[in-house]
Amino acid sequence: MNQQPPKSSARLDLTKGKTSIADKIMPVLLFLCASVSVLTTIGIVYTLLSETISFFRIVPIQEFFGSLKWSPLINPKSFGIWPLLSGTMLITIIAIIVAVPIGLASAIYLSEYASRRVRKIVKPILEVLAGVPTIVYGYFALTFITPIVRSIFPDTGVFNALSAGIVVGIMIIPMISSLSEDAMSAVPDSLRNGAYALGATRFEVATKIVVPAALSGIVASFVLAFSRAIGETMIVTVAAGSTPNLTANPLESIQTMTAYIVQVSMGDIPHGSVEYGTIFAVGMTLFVITLVLNMLAQYVSKRFREEY
Amino acid sequence: MSTTTAAPQVTETTKSVDFKTIIDIKDMDLYYGTYHALKKVNLTIPEKAVTAFIGPSGCGKSTLLRTLNRMNDMIPNTKIEGLVDIAGTDIYSNEVDVETLRKKVGMVFQQANPFPKSIYDNVAYGPRLHGIKNKAQLDEIVEQSLKQAALWNEVKDFLKRSAFSLSGGQQQRLCIARALAVNPEILLMDEATSALDPISTLKIEELTQELKNKYTIVMVTHNMHQAARISDQTVFFLNGEVVEFDQTDKLFSNPSDKRTEDYITGRFG
Amino acid sequence: MNNLFQDANRQQISGRRRNDLIWRILFLGATLFGIVALSALIITIVTDGIARLNPDLFTNYPSRRASASGMKSAIVGSLYMLCLMAPLSFVLGVGAAIYLEEYAPKNRFTRLIQLNISTLAGVPSIVYGILGLAIFVRTFGLERSLLSGALTMTLLVLPIIIVASQEAIRAVPRARRDASFALGATKWQTVSRSVLPSSISAIMTGVILALSRAIGETAPLIIIGAATYVAFLPESLFDTFTVMPIQIYNWIARPQEAFQDLAASGIIVLMIMLVIMNVAAIMLRNKYQKNI
């Protein structure tokens, strides 16, 4: 374009100096921190698997899944997982019956009806419910809910599935309500306004527009809550009893998988014994069920997400 | 009415000829993945002067600015070909230390971006990075930098206050002070006044006239009038190409390319 | 004009209105249920436990007689546990979060780590107890010690801390990183002097909330064999120990009413500790919001 102007005489020394040690080692150290979580998973899978396999060398897998009796500590010993599974399912179903309607209704109220101020007060209170230690819930089940249950059904024992199930339900309400509310709040107002413009009431908008639109998030919250109820330990240990019992009667004492693991851990069991092995076999069953449910929840919320 | 009357008026102060080249860009291409963002750029930038990059948004002017201190390195899949020579060093050669380069080529961003620290700690951030720990020395650097950024008188009594307590214009001058504190040769300004009110903008424009006595300033501006007011050389970009660069008064009064003329007379952009 | 609004099927509309009102009340009732349950829980615990909430609870060791029992060893055990876990889980959790947000290449392995962390967050706490039993207690031979407990609980809270820290780090504006790099900072200088100071209070909020969850955990520590009856204070990392939730569980499991009330007193102490930690977390969060 125009004639080349002379070059500046300024010189920059940009050659590499010493690279700081921190910039060399920190990425490695940080990577090691991140790999702890991977090692944890490997550790969980490896210990559960290896101990379960050696357990099945002594107790045949056919018995574990075939027998209907669980009495690993008392002779004659029997290792059928079904009573523990049914106990776990009974608790979980009661909890879901309590938590799903109440959690979902709370979510609808907070998302569709409540003023911003009410929401700001109520949400943190519900979150407190999620932060209460489970041992505290156990105490509450035993000393508050059980007497109520027994006054209604006098034949009920001190330890029963119903009280524990109700309290597990109370514990998972905030999980359902806050995750569902998040999903509903993400539904754009344009959808709501369209329905209001057609003369729909608030209830009609909530149930016919918002809930269907947020369904994947809502279902995912149910599945996660389900998984949480299955893994819950202290409430059932304290309030549901320790009698492995293949029953559907919520007024009976039962034992869940988690409560069994606690019971056997409280005793002094020799390392390598069959009793020691049961911890891992039952733990493995629990781990697989919750893992499948958690993956299902992730799949549901991704696969069926409404695109707005 | 002739279209050229709309062209920005060039002020007297910017007329000057005997510059030396400090940045020399030859046949440079830049790709973001497969997108060809800068095409065969050839450009020289004069020392101790203000060079303004103008052009419609998305034309590559900010991208070119960021190649000068290698801030584009952090964007994945960026590929650069050709030569970018600053004061005799090819800054993309393997021997170059990026951190030292950025120390020598400072940058001020579109949005003032102070750290959530005190005014003092903001200015001292750079010197501390480069190993200055001596309190008296830091005090001296902070004071000098704030004076150069014309902020000293406004803040000298509360250096310990949070940088967020300053107004937008003050924050931007703080960012200039922070950039000056590491003693750069070149100062890049990426639309540094676009988020500011007219009075703050004026202050920073005046500041650039002070600073160019000591530093080479390269600025991107969305405002042609600003380029005309304060720059010595103007570079016009369009679609990733340098259409034309020349002394500011010449480029605005007598552009050699039709596209430049169309742009500065407001036919597009 | 009036007819326009009157002509509509008024019965149908008023029916729908009534329906709407009934459901509104039901939804409100469901929301109140949670609040009522929480109130009932707090009232039960306070009325049962307030009588035994005296200095003995803090100065006495557990005893066969409820009237002489205290939870000194449990309180101290929980505090030791906290002191061991806090630095360990902070360093590992924040380190992992920094790696994932600032250093990790965007490839399949990184996505795998990320998926792994969210999966771990959903693993029941009792499974961590089983892991601790097999790895720390048996394989590493640490026995039923304070150290085994602290390591197990660290692994339990790690996913929560990583996720919270990642969110905090992600919330730091890009401009703040750019400002640091543009001054010639290296990656680690930028992370340590700009990104971390900007996100530290949000990170601490997450860490404290995670630790408060750990303080209330019972099951994993029972599995690794934290003792239920400990009438001394642990003197080294390798001593047996107990913590508040386990002491509370031990009391709940006794048939006598006096021990039940003692359990309620213990719960009050535990809950007060949790409230303090949560208030600290909220205060940090509020401070953080000013910084962004």
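So that you can tell them apart, the chains are marked A, B and C in the order they are listed, and the count of residues begins at 1 in each.
By our rule, contacts are C-beta pairs under 8 Å (C-beta built on N, C-alpha and C of every residue); 3 or more make two chains touch, one makes a residue touch a chain.
Computed from a predicted model, the values in this text were never measured in an experiment.
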item	value
Chain whose Cα centroid lies at the greatest distance from that of chain B	A
Of A-C and B-C, pair with higher C-beta contact tally	A-C
Averaged-CA centre spacing for the pair chain B and chain A, given as whole angstrom	53
Whole-Å gap between the CA centroids of chain B and chain C	49
Whole-Å separation of chain centres (CA-atom averages), chain A against chain C	14
Shared interface positions of chain C, touching two or more other chains	186, 189
Interface hub residues of chain B, defined as touching at least two other chains	100-101
Of all residues in chain A, the ones touching two or more other chains	none
List of chain B residues in touch with chain A within their complex	19-22, 24, 44, 46-47, 86-89, 91, 95-97, 100-101, 104, 185, 244-246, 256
Of chain A, residues touching chain C in the complex	20, 22-23, 26-27, 29-38, 40-41, 43-44, 47-48, 51, 101-103, 105-106, 108-110, 113-114, 122, 125-126, 128-129, 131-140, 142-144, 170, 173-174, 177, 201-204, 224, 227-228, 230-234, 237-238, 258, 261-262, 265-266, 271, 279-280, 283, 286-287, 290-291, 294-295, 298
Residue numbers on chain A that touch chain B, as the complex places them	1-2, 4-17
Touch list for chain B against partner chain C, complex	69, 71, 74, 76, 99-103, 106-107, 109, 111, 113-117, 125-126, 128-130, 175, 178-179, 182
Contact footprint of chain B on chain C as seen in their complex	106, 173, 175-176, 178-186, 189, 193-194, 197-198, 291
